[in-house]
């Protein structure tokens, strides 16, 4: 069953996210990919997060601009949440980076770099967490 | 009955918010002031927003750092939402400004300046909206 | 009669503004669109603002670079003013954002995000204010 | 008669401006110092600028935050306008610098550095312009 | 045995790090705290990382300025590495944030916010990873 | 005889500068255009500035990157110097803006905006200074 | 024998580096060019640096993003190290500049500008150091 | 005889520079410390640089704000020039960093970090260059 949940804020993030999904495919790690906006489907998102199947170990949340998604996901689950700032819009992702990384204490998001490198590193970071189990 | 709802993300924002409350007191405008964090009490916040008494006309949402509160409030109500970036933390509020203002299309937040001027202007902006009614 | 007044700082903003006008058309909200520069036609702009027909409820002001227009409009009317920073020029709109949002106390501008998302959100925000009336 | 007009956006700029006034006193250059906010007394400011006594040769305009004053002054007179960004507020004057310097073509403001050095240099720059006459 | 390894780049980071250690103490999570600079003791650091006792599950790496430590740690181990940018120096930690978060693909660092909130969130994030085991 | 001296830091600035020259041609203002780099021909530049023909009233200095030219010109003459930051290089001219505008007290440069608007405004600003004479 | 060692963080930097190599060829200065990532081949890099042939006088280290390479090289050798920030990624090299230049005391990197100018200047700077010998 | 020449832009930089001088004293390296402003004593500076005693091997140039000094020194000598951005003024030295590091090709400045760490590293970097001789 799927171990990694990937949530992107918008359908337009699909190609961007694919970079991580390809790595999971290559590694044989099962994942589920969903699209929820923290701003457009907040209640559905919360409902979904409250009923997560228990096999998920890590969540990757991807968003651009005033990127609230990763923080909201971190606040609604107790799993480790990896945030990826997408470099969309006129500020090239520095807005998304700050919106994701500058979380108040108690609600951590493990933030990756802006854009393609960060998107792939989210997969690598998830794998490091999943490998903890295997190594036991 | 109260026409303006003010929500701050943290108890430590109280003195900062008081600058707006004093103006409302001076103008005889009734308000309700609540503290909810988008990251620490998200469900309570949503529950509260879904059951707003109908007399509210404007909401002011105040937050610092990765300031998700104003966007979340805007996504859960159809009232005009005014966002105020508090200048807390090492980046002096530029993180909060970008987290509040760079909203994706469909979920607008009317953003004020960083810090004290912005906090007072939130009251002035709310008054402009409330005065629309009176002037009819 | 027109409820929303949209003012852009330059003829070159027309296509940019159209994104909001299309939304108003779709919603059946009447608007008037004018071009005035705070720097090139300041007196005409002031004359125009002092004689606004009373039906206007909201003003949207759009400008790039050292974007003084929204602040000037806010200082000459008592209506709620929504400011939109256009992402023109080598700084991609961060200059316009700061020129619009960092208003001194007493003259508020409800600022939207930089560029296309912000331009559309200006229409959504105006609609939220207009809907206050309808809902009574 | 006074050759230099200094306009500051707020009474709280007085001490800041004094650095330039002291230089003019030392040099025996006559000046007039006025306080007008581009946002709070725009019409008075315009009225004043339209009736300037003909002896003024240079105008220095000082403002912080969303510093619209220098640009507005430049748009209402044909004299050379020197803009000084005051380092007030949480962004330490970078907002004022961009609001003053990034003027659209046709309405130039000769911008000085942020804060004390810039305030004094406004006097030095004004003197360079006034000395052009003397040297004839 | 210790599950969390905390490495700080300099002895002067000790008080800063203590915020996380106090949380681990409170939660009864064992940790080891070491000081190694990526720039002053690189070989010792590498030697230490290559001989890590197998019980460690997570590493927290704390550094300021050109903060190379977290990336270097991530490159020398296969454990999840959490990076914390300390807000020291004239740029208040924005240099450390970018030096930690902008990692090239393949070597991920889960980056926390700048300063105190980020330091505490490193502990919260580590706990989320450790809790994965417990929950099995 | 030429009243305006325009100095650009590099031959590659020629097309950029032409925007101002065209305005001077249109207005019938005589100018001289020279290329000197503050970094590659400093002594020639100084020699040239020390022997300026007396008819020059204003100097426009154009440079990109670590734009030292305008400050150096201001330090070697007593004429008003207008600085224009060219938006070349990966930082899009923000480096040139700060290198030109942040002058220490005593050596003022009247700085224009970054790029095309600023280049044209240099001509408009020069004209305002030249018009002071005519108006006597 | 080779006097200059050039190390780039990634194979994709080759064309960028070639600008410096061409200058060395033109000047008849011998060099060795190697690719090591501080994040992907750290131990090999260290091994290589510890066994440097004694003829090297200067090292040029080139990297983008969270550019740790120049600092790591400076920490493992006693030769002067010149750092070049490559302008790759969504932040256009400002991340690399800060990651290279903001070194803690004791481990200096002589940092060049971002991108092409900086890459060529690394060669010019290396030549200035090599010329010290010749001039004796 | 003195091997290192240190030039600071202003008398107020003396305490700042002392951090490097103390290191040279400790190491027994002779130096000469001079104050010249690129903006206030440019010709004297040039005269001095053209008549440098031949024993100097490295120059350290220290400046704040629109820090032109290091680039000017680099353009007037063929020695390696180390630039140090002092963190004075409202922008905390980011202006000085960009004014020093973003040099056009052909005139390199080996730039250190902003403030105290950078000032000390200038001494360490100078020592690395001087040690090249000794090691022969």
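Letters A, B, C, D, E, F, G and H mark the chains as written, and numbering starts fresh at 1 in each.
Note that in this section a residue touches a chain if its C-beta (ideal position, glycine included) is under 8 Å from a C-beta of that chain, and two chains touch if they have at least 3 such contacts.
Because the structure is a prediction, the values reported are computed rather than measured.
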Original post:
In how few steps can one go from chain B to chain D if every step must land on a touching chain?
Top reply: 1
Subject >> From the options D-F, C-F or G-H, the pair that copies B-D, where over half of the contact pairs coincide >> reply: C-F
Original post:
Considering C-F alongside F-H, which chain pair is linked by more C-beta pairs in contact?
Top reply: F-H
Original post:
So chain D and chain F: same face meeting same face, with over half the numbers shared, or different?
Top reply: same
Subject >> Gap in Å, rounded to a whole number, between the CA centres of chain G and chain A >> reply: 35
Subject >> Gap in Å, rounded to a whole number, between the CA centres of chain H and chain B >> reply: 50
Original post:
What is the distance, in whole Å, between the centres of chain A and chain E, each centre taken as the mean of its C-alpha atoms?
Top reply: 21
Subject >> Residue list for chain C, restricted to those that touch at least two other chains >> reply: 65-66, 89, 91-92, 94, 101-104, 106-107, 113-114, 117
**OP:** If two chains touch, include that pair; go through all of them.
**Re:** A-B, A-C, A-E, A-G, B-C, B-D, B-E, C-D, C-F, D-F, D-H, E-G, E-H, F-G, F-H, G-H
**OP:** Using the touch definition up top, name the residues of chain F that touch chain H in the complex.
**Re:** 9-10, 37-40, 42-43, 46, 64-68, 71-72, 74-76, 89, 91, 94-95, 98-104, 106-107
**OP:** Quick one: which bits of chain H touch chain D in the complex? Just the residue numbers, please.
**Re:** 65-66, 89-92
Original post:
Which residues of chain F touch chain D in the complex?
Top reply: 57, 78-82, 97, 101-114, 116-118, 120-122, 124-125, 128-129, 131-133, 136
Original post:
Of all residues in chain F, which touch chain C in the complex?
Top reply: 87, 92-94, 113-115, 117
